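Two complexes are shown next, each including subunit A; its partner changes from subunit B in the first to subunit C in the second.
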Partner chain A sequence: MTDISHMPAAADDAVPARAPWALLGRAMLQALLVAIAALVLYPLIWMAMNGFRSNAEIFNSPFALPAHWSFAAYAAAWQNGVSQFVLSSLVVTGVSIVTTVFISAWAAYGLTRTTIPGQPLVVGFILGGMMLSPTVALVPLVRMMQDFGLYNTHWALILLYTAFRVPFTTFLIRAYMLDLPRDLDEAARMDGASEGQIFRKIILPLCRPILVSCVILHVLFAWNEYLFAMIFTNSPETRTLPVGLTSLMSKHGTDFAQVFAAMTISALPIVIVFFLTQRYFIRGLTEGIGK
Partner chain B sequence: MARTLSLPIDGAAGNGSVLSGLRLSPAARRFLAWRWVALAVLIVGWFVYYPIFDNFRVSMTSSDIFTGEVRNVGLENYRRLAEDPVVLGALANNLAYAVLSIVFQVFGAFVLASIIEDIATRRMRNIWRAVYFIPSAISTTVTGLLFYFIYQPDIGILDGLLTALGLGHWSRAWLGDASTAIYAIIAMSQWQGFGYSTLLFTIAIQKIPRDLYDAARMDGAGPLRQLWSITLPMTREMTGMMIIVTITGAFQVFNEVMVMTAGGPNNSSQVLGTWLYQMGFSQNEMGYAAAIGSLIFAVTMACGLAQLWYTRRRRVAA
Partner chain C sequence: MAHLTLRDVRKTYGYMEVLHGIDLDIPSGEFVVFVGPSGCGKSTLLRTIAGLEEISSGEFRLDGALMNRVAPAQRGIAMVFQSYALYPHMTVYDNMAFGLKIAGLPRREIRARIERAAESLQLSPYLDRFPKALSGGQRQRVAIGRAIVRNPRVFLFDEPLSNLDAALRVATRIEIARLKQAMPGTTMIYVTHDQTEAMTLADRIVVLRDGRIEQVGSPVELYRRPANLFVARFIGSPAMNVLAAEAQGGTRLRLPDGGLAEAPFEIAPGTALQYGIRPEDLRPAAPGEAAAVTGRISLIEQLGEVQLAYLEAADGAAPLVAKLPGTLPLATGQRIALAPRPEAAHLFGEDGERLRPAARIAA
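== the complex of A and B ==
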């Protein structure tokens, strides 16, 4: 990192480098950024490419591009369960988005716009949930889910994803609601609007940016969650993508092309979602860490 | 804004809902405000808090594998915990995880973010940040499996790369070798996670007022000096938080180890999370697994309290 000393004192985009050695240092840092990008992207490209190759190609020439582009492995992976896993992931992610965001928005409203007896305690209780880790709760949760008859159902995952994400989501929405001006709801209250109307027609629409961020953050979590999914589902119909992948790996582990194809299918949607929603996503992070 | 104010609020005369139609005492009204938070309190209390308490209860028991009979054994599981060599090894692995993650995902990401903010144009900044973030958006199962293949001696590209660079004598079965397994996993984890913290640091650096740098430059401060005297102190809060979050994460790690080695070979890459899983769900020793859970709880709770203390102190200072 000694190159930093050769950086020109430039904070602006357009300030030119002043000396040859500064130019060299700058070029080296640019090269570093490119090299890191290659290090990030190459394994992912290798993964997607291997889905197009045959097992023999993967073995004999690990670095080569596919000799001929074949979708066979992608099709096989899709038919060997990946379509099922995608469906399960969609259901679990979709339903838990709705439950998490609504429960959190209600709670955030209650914590910022009403006078609940013992409010600081309630804030501490809900937000304190962020500190508790799923691993520690694992052993008791298994028994609970078995008692409820929810073991090996999507509901188990939906419930747990909601419960473990409500604290963080409430934290984000509450911070946002605290910053909203109060004149609007005061005025509506004067006009005789009920709490429910103020929530639905005034506060919720104003919170749209943070709600979008919360949805994106929840998608990143629920689509990728592994620990709960592994413990609480054990049949092809209930498994979500991350667990489905490991089961595919143990069943078709020697058909490398198919495993790589399944990995690519599972990673692609989330990468696309990230690129499409980057702006909101970064805003969500800024909110979450800025407070 | 005026438009929002004149929103047609149906039934504005106070009969919009059953609740507002009733004449309630202020106390009753305050109590009814609970309905907004009831669901959150219920679900968090039931599925997040209660299991923690129940975990302590389970950790004091032992169930017979054959008869299923549950006995109270007091602190026996904790005594066993203290004497279990695998627990010690797992703790060391978690610690290595924490230390290396702080080096790469906190300090490395800090330097990288400063470089991006300093030399990249606005357009390129967004591109670098987005590209570096991609692995963080992908599930650890996928990245874990991907590196499982990359580390393979036969089809993997790492050994192929080393051979191509003339370093063939370094190549080995990275995950099959007890001396390298955990470090291979940690390396994957850095690959996956550094983009996330780089993104957070660029956000923090952008919040620093630009005139601080202008003033420093007037005074003849070079880039390294600016990094040390402005960027570092101005992002100290973020750095402190990241260190705590990173340590907490390092003691909860499970997914990548499970996918890549499941703790092997010979328990050399075992971490607390995977050892808990193996004890509870492969060996059916729920009591002992719960005791391991308590240990994870103690460490993460300490980190959580440190984080709380840090935030409070920051508030007071500000």
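== the complex of A and C ==
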């Protein structure tokens, strides 16, 4: 302040001199962000739009907006199995969210709050699960699922998604729990809470940001997972969306409007989930990994 | 009623022993303060009493019942944490109600207890707030309230005031003193390394060092008759002056630099000992009187009523401090001769233990 008042001329010069550059920088940054957004969003919007047109329109002028909004393709896709696939995906994703997050949170609680002999080893063992490639485990897993009688059921996918996502989810939740003050557990213990009560009433509520992140990450994974879904299911009733869409494409591959509609339907839930929770998502993730 | 008995209580972490056999009796209703330097095991001892740490060996009894393996909540002990440890996702009311709900108390009873506690701690307007919307002092009171509502037999505090600023610290200290009066049957154990807190609150002080009890006694006892050099230096501010001395026969003692002092009892000539004198027990020597210490004043801290004069120390030694009347005209650089009151001297053997008349032939 005082410096500027001593040199009014210099200050006057400085402001207009710097302003255009600052303005330009801002403008360029914003232009860049808009460009990136367009790059990412345009194909999605194009896909959704073409679901409202007919095949002929798509081929005649691929980049035009729909002349009249027709839901025919969407309805056809929905009836040609997409409703089934959506249901399967909902069941598999929903149930595996609950199992994965619950098992991971409970495991993370045990790993951060109890003293078990050889704890670093256990941590290493669980987190080592992240290294396991699904492709490598595929053949034995197929045999196992057949033996269990789970082949071609939703349970097969639920079990596999849970097993393969628990390590990573545990890793995230554990990092978060390590930062929660121990005093809180001890205060609860003095208050007479059992381990289960401490977990449910103190730790879990405090872990909400990271739990939300884990749920979203799991949705992203389970909703889009292809390899397991393709190998372990083979009937329309059990197929999830990614595999279902492929089968739809091979059957109605020339009806692009229907394919686009089906794709849009399958992408929609995840986009909605992400927009609703993105703030949580980013916060939980940075907090969890940050330390 | 809650009478605590600790017998040879030890605590080890892995191979490291942190508490080396604590023997302590705390009668019902007493306010005991644990003091000691950082890392001496105050918190550990408190936490073994709370049940948060398991006792490695020895016994802890509450009213005669062995507590070693009793769960914390079953001991009838409540604790106020240094960090307060309030549940951040619960309102003040729910924080206080948490333990009571788990204990299965009827809702009406819970409400009544919390309202009573909130009343006495002036927390009634804040019951619906979350901890993050409270000031430090208010959080502190909530932590105390959470402990009170459980009607504990024993109250534990681990440095409850260390996160408060000076003014609030005094206010809360008075609050705790009031609490103690309001709950005469409740035994309280309080950990601090603040001397003022220890001296003002305690019925008895337990001085710990390196996992051992150095002395147990009332504040005045510790101040007047410290059992050893460690306690002598630890209790009192500014700390006691300690000088190497040699007995000259009778009660005469020779101090460094030709100073002379009187011992309160006879000591065999030639005995080497440590001569302790508190700053307030030194006064300017009258003309012609034999001075215990003479030296140049290197620093004066004028506190109004009194002033602290620091004498230049021989290389490496701690400076000698005298607490003199504030009106005495003194200047830095001035030489001053100081004489002690003989009955105020504290004598310690070479091993640091207090010398008593019975042990005068220590040579």
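Rule of thumb we're sticking to: the second predicted complex is superposed on the first by the 252 of 291 C-alpha atoms of A that agree within 3 Å, B and C clash if a C-alpha of one lies under 4 Å from a C-alpha of the other, contacts with A are read in each partner's own complex, and residues count from 1 in each chain.
As a convention for this text, contacts are C-beta pairs under 8 Å (C-beta built on N, C-alpha and C of every residue); 3 or more make two chains touch, one makes a residue touch a chain.
In this text, all values refer to a predicted model and were calculated from it rather than measured experimentally.
Of the two partner chains placed by the overlay, only subunit C lies in contact with A:E186; subunit B stays clear of it.
Looking at the superposed arrangement, the partner reaching more residues of subunit A, out of subunit B and subunit C, is B.
In the superposition on chain A, A:L90 makes contact with neither subunit B nor subunit C. In the superposition on chain A, A:A76 makes contact with neither subunit B nor subunit C.
In the superposition on chain A, A:A175 makes contact with neither subunit B nor subunit C. In the superposition on chain A, contact is made by A:I36 with subunit B only, not with subunit C.
When the two complexes are overlaid on their common chain A, residue A:I202 makes contact with subunit B and with subunit C alike.
The intersection of subunit A residues touching subunit B with those touching subunit C, taken from the two complexes, comprises 184, 187-188, 191-193, 197, 201-202.
Of all residues in subunit A, those touching subunit B in their complex are 1, 4-5, 7-11, 13, 26, 29-30, 32-33, 36-37, 39-41, 43-44, 46-47, 58-59, 62-63, 103-104, 106-107, 109-111, 114-117, 122, 125-126, 129-141, 143-144, 159-160, 162-164, 166-167, 170, 184, 187-188, 191-197, 201-202, 220, 223-227, 230-231, 241-243, 245-246, 249, 256, 259-260, 263, 266-267, 270-271, 273-275, 278, 282, 285-286, 289-290. By the touch criterion given at the top, residues 50-52, 71-74, 77-79, 81-83, 85-89, 98-99, 102-103, 146, 150 of subunit C touch subunit A in their complex. For subunit B in complex with subunit A, the touching residues are 1, 4-5, 7, 9-14, 16-17, 19-20, 30-31, 33-37, 39-41, 43-52, 54-55, 58, 111-112, 114-116, 118-122, 126, 128, 130-135, 137-142, 145-147, 149-150, 154-157, 160, 191, 195, 199-200, 203-204, 207, 210, 213-214, 217, 221-224, 226-227, 238, 241, 248, 252, 254-255, 258-259, 272-273, 276-277, 280-281, 286, 289-290, 293-294, 296-297, 300-301, 304-305, 307-308.
Across the interface of their complex, subunit C is touched by residues 181, 183-184, 186-193, 197, 201-202, 205-206 of subunit A.
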